[in-house]
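The following pair of complexes shares a single chain, chain A, combined with chain B in the former and chain C in the latter.
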Partner chain A sequence: MSAKALEHGINAFVEQIDRPVASFFNSCVHCGMCADACLFYTETGDPKYTPIHKLEPMRKVWKQKFTFWGKLMYKLGLSKPVTEAELEEWEPLVYDSCTLCGRCSLVCPVGNDITYMIRKAREGMVAAGHAPDGLKGATIRAVEIGSPMGVTWKTVQAQIKHTQENTGLQIPVDQKGADYMVIMSSMEIVNFPEYLGSLARIFKEAGISWTICSDATEATNSGIQIGSSDIAAQLVQRIVDGAEKLGVKYVISPECGHAYTAIRWEGPNLIGRPYPFEVIHILELLDQLREQGRLRTEGTETARMSFHDPCQLVRRGGLVEQPRRLLKMVASNYVDMPDPGIWNWCCGGGGGVSANDRADALQLRVFSRKKSQLDTARVETLVTCCANCRIVLEDGLEHYQMAIPVVGLTETLAKHLVTTPQETAKTETEQGEG
Partner chain B sequence: MSIHNDSEFKSALDQLPVAEQRKLAARFAQSVSPLCKDSRVAAAIEAGLQSVTGDDKLTPIYNAVRGVCVESYTECGHMADWANQAGHFVAEAAAACVMPEVALHGANPAWDAAMRARMARTCASIADGSGTETSEAKNQYHLLDEYLNA
Partner chain C sequence: MTVNEILTWVRGPAMQFALVIFFLGVVVRILEMWLLGRTPDLSLARRSGFIPGLRTVFHRSIPAPGLLQRQPLVYLGGYTFHLGFFISLIFFAPHIQLFYGVWGIRWPGLPAYLIDFVAVVSIAALVALLVHRFVNPVRRYLSNGGDYLAWLVTFLPLFTGYLVAHESVLPYAQMLTLHILSVELLLIVLPFTKLTHSFTLFLSRWYNGAMAGRKGVAS
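The block that comes next holds the complex of A and B.
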């Protein structure tokens, strides 16, 4: 890496050190509580995984550029500048061993949002050229193709057709004036096409006016994960443009953790203006429909079921009770794992870790925490509402030889959906015509 | 043909005992088996066709084929390989044939295998660029008719 790249990285660190970051560095009391909250520390015992330690290069820049004693020591040559070697050493700490899960921020006794700082630190790392190849590739594809997994509109159309055939329902595309616009993660197109079919069936029954936008199907945001606000803004803008073009009132964020963070929480700041529509997570909408009596289910699952809380949706997104209320509609034997809700432990693959092959072994190692949670609660079926969590959980369960099925919450509800006879009749008619 | 749509299809499958649902699941998986070359998948389909029963026999076969399912998932942020993804859904269909009793919890193996087989066919059609025309559902109606009338 060139000296110029290093300079870019340092400058990016400086740009990212805003008032919150400066005050967080200033107020850290080095208590180490963030270590005990971090999956990567608790499961390995290695102190290098202490969350605040992962920020050391950025902390060094803050001290040298923004504090009196730091500036003085730097000028006197008593404090060395951040080097290329340091950034190289810290790259795996910032990207491989942090899922941006937010548990460290939750426990910090002085209220430091360490996750926010890691997110900022990634801006500096990527500017210096220090980001994992997997995340770089995903980000390039997101910008050039429109999907980090290379999903094109043609492939989305294929899955739409597949869904229409299997449900007998029309999937609305580019319907101007619809109330809701559905966006999806590529994972739902590639691995879990049943998500779209579940939505179609539930929305049909609830009388929801909805559409997909052919210009803006992708919900995920690699810019957030790699730490590039410019790219993150570009990806958010695509969704905003699509929603504005169709004039929808709501955009529905899918069963994906960081997509929700990107579009709901960071989006308006990234593009520099409020949205003319509301963003709602699919579970928020389903819970509203439940409350209004527009989502009705029949029958229950007899297996001992539990809910894995995706960090970005539950701890950082506030969707704690909605998934539980929904799941309890169809689970007669629901049980929470230890540390449920906002205290839940990450699956180990969020924040771009699962897109980073270098982190595979570490990801499986730290899954030991989830294994322990599952063992304690004697879970027989695990339900979640994030496609990435779902695959990371499957990986971990396979690694630890645990035969526990993992299913999505929306599809579980759709499986038990009460359908009106009219729908069945229409379905048969439509299929007969096809 | 007496089965014309999914409503009739599912209803007919639901009326069958689990052992027969497994056998049909294997036929649905077999129909798309050329899309996956893994021997563990072939073994699971064969076990379904041969009506292997008992969790002691099913569990090792199921665990092996679940391994293929997990290995062949396209992970978040990775470039999708649709041919590989077709294989993934074939493995899922095959897994449905040999899911141990203890893990079934009221699931219908034949319906699950049918849905996965259709997904496999869709992925294959994306992979080969042939468009989106698939007739797997009709093929499955035919297989069920054949089975019921045998």
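The block that comes next holds the complex of A and C.
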């Protein structure tokens, strides 16, 4: 990498440092408690995985540019600027061994939101050219093709056709004036097509007016994973344009963790303005429908079921109560794993780690935490609501030779959906819309 | 210079110098942080982050689930020396006398034997934490000169203070001189080390709680 790239990187760090970051760096007492919250440390015992240590290059920049003593030392030549070699050394720490899960931010005794800072540090890393190839590839595909997995509108169309045949229901496309616009993650289109079918069936029963937008089906955002706000903004803008074109009232964020962070929490800040529509997570909507009596289920699953809380939806997203309320409608033998809810342990593949093949071995290694959670609770079926968690969980379970099926929450609910005969359903729809 | 002259100098000009550095230092450090500012969050909040922020300011003093068992020494040692430091500072009769001289207000103190006990326990906690910093792989890995300097300048006022009360090493006036010097050292060093956490901690906790709270998470 050139000296110019290094300069870009350092400038990006400088740009990212705001009052909270300065306060956090000022507050750190090197107590090391964040290590005990991080599965990359607890499962490997290697102190280099201590979360706050992953921020060392950015801390150095903060110190040299924004503190009295640091500036003085820097001017006297007593402290050296961040080097190319340092960034190279830190690249795997910032990308391979952090899933942005946010557990460290929850335990830090002085209150540092370390995850907030690592997200920001990635802006500097990528600007300096230090991002993993796997994540770069995914990001390029997202920009050029429209999906990190290379899924095109043709693929979506094929999936729509397939779903229509399977469910006998029409999947609305580009319906102007619909209330809700559905977006999906590539994984849901390719690996878990049952999501779309489940939505079609649930929405039909609930009388929801919805649509897919042919210009904006992709919900994932490689930009926020790699740490490029420019790209992240561009990807968010596609969804915003689609939603504005169709004039929808809501955009439904799918069963994907970081997509929710991207479109719900970072999106308006990335594009620099609030949306004229609201973003609602599918579980929020389903929970509302449950409360209104518009989502009714029958029968229950008898297997010992547990819920894996996706970090970005629960701890970092605020969907704390909804998943269990919904799952308990259909799981008669529900059991929580140790550390449930906001304290859950990451699957190990969030924050772009699963898209970064260099991190594969580490990801499987730290899955031992999930294994021990599953073993303790003697889970027979694992339910989650993030397609990425689901793939990562399946990989981990296979690696550790554990025969536990992993299913999505929406499809589990749809499986038990009470369907009303055609005529009655029509009347209910009209009432619902009135 | 006689012992008394030195003591007078330490109590007078040296203390004034230390206090000026301390206050200027704190003001500069707060300003350089505050002026960085923060862009307003345009995403639609689930609720205001203000109250959740305040909650986290207090709530973060409680260990996270399971962590007290994983790191008992860091938590218990940390509580002990923080509390011990402030109890000895605020409730030791000669200190109260000193504050009375400056501010004209006084409050009841604790008996000397209790302060003695508190000081010994705090010193023991600090020593244990230092040993732990050397022994624990994570803490040793994270530690740099600043951590040891911060430890030293926190330890010295407690340690010299204890010795003043016992007159076992040096005569009273000499030891008191050292004690006051150690306090001045702490005042001068504080704004430029991690000891800044004593005032940024509240802001950090508030940001953490407010950012999570507006999303609907109690952090």
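In the analysis below, the second predicted complex is superposed on the first by the 422 of 434 C-alpha atoms of A that agree within 3 Å, B and C clash if a C-alpha of one lies under 4 Å from a C-alpha of the other, contacts with A are read in each partner's own complex, and residues count from 1 in each chain.
Assume a contact is a pair of C-beta atoms (placed from the backbone, for glycine too) under 8 Å apart; a residue touches a chain by one contact, two chains touch by 3 or more.
Predicted, not measured: the structure shown is a model, and the values here were computed from it.
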item	value
First (chain B), second (chain C), both or neither touched by A:V236	neither
First, second, both or neither for A:I10, with chain B first and chain C second	neither
First, second, both or neither for A:A219, with chain B first and chain C second	neither
Contacts of A:I342 with chain B and chain C, given as first, second, both or neither	second
First, second, both or neither for A:G267, with chain B first and chain C second	second
Chain B versus chain C as contact partner of A:L135, first or second or both or neither	first
First (chain B), second (chain C), both or neither touched by A:I391	first
Interface residues of chain A shared between complexes with chain B and chain C	none
Footprint of chain C on chain A - complex, ascending	17-24, 26-33, 35-37, 41, 45, 47-48, 50, 52-53, 66-69, 105-113, 116, 264-269, 272-275, 278-279, 314-320, 339, 342-343
Interfacial residue positions of chain B with respect to chain A in the complex	4-7, 59, 62-63, 66-67, 69-70, 73-80, 82, 85, 88, 100, 103, 105-106, 115, 118-119, 122, 125-126, 131-132, 134, 137
Residue numbers on chain A that touch chain B, as the complex places them	134-135, 137-138, 141, 148-151, 154-155, 157-159, 161-162, 165-166, 168, 185-187, 190-191, 193-194, 220, 222, 225, 301-303, 349, 352, 354-356, 380-381, 387-388, 391, 394-395, 398, 401, 403, 405, 424, 427-428, 431-432
Residues of chain C that touch chain A when the two form their complex	25, 28-29, 32-34, 36-39, 41-44, 46, 56-57, 60-61, 63-67, 70-71, 74, 78, 136-144, 147, 150, 192, 194, 196-197, 200-201, 203-209, 211-212, 215-219
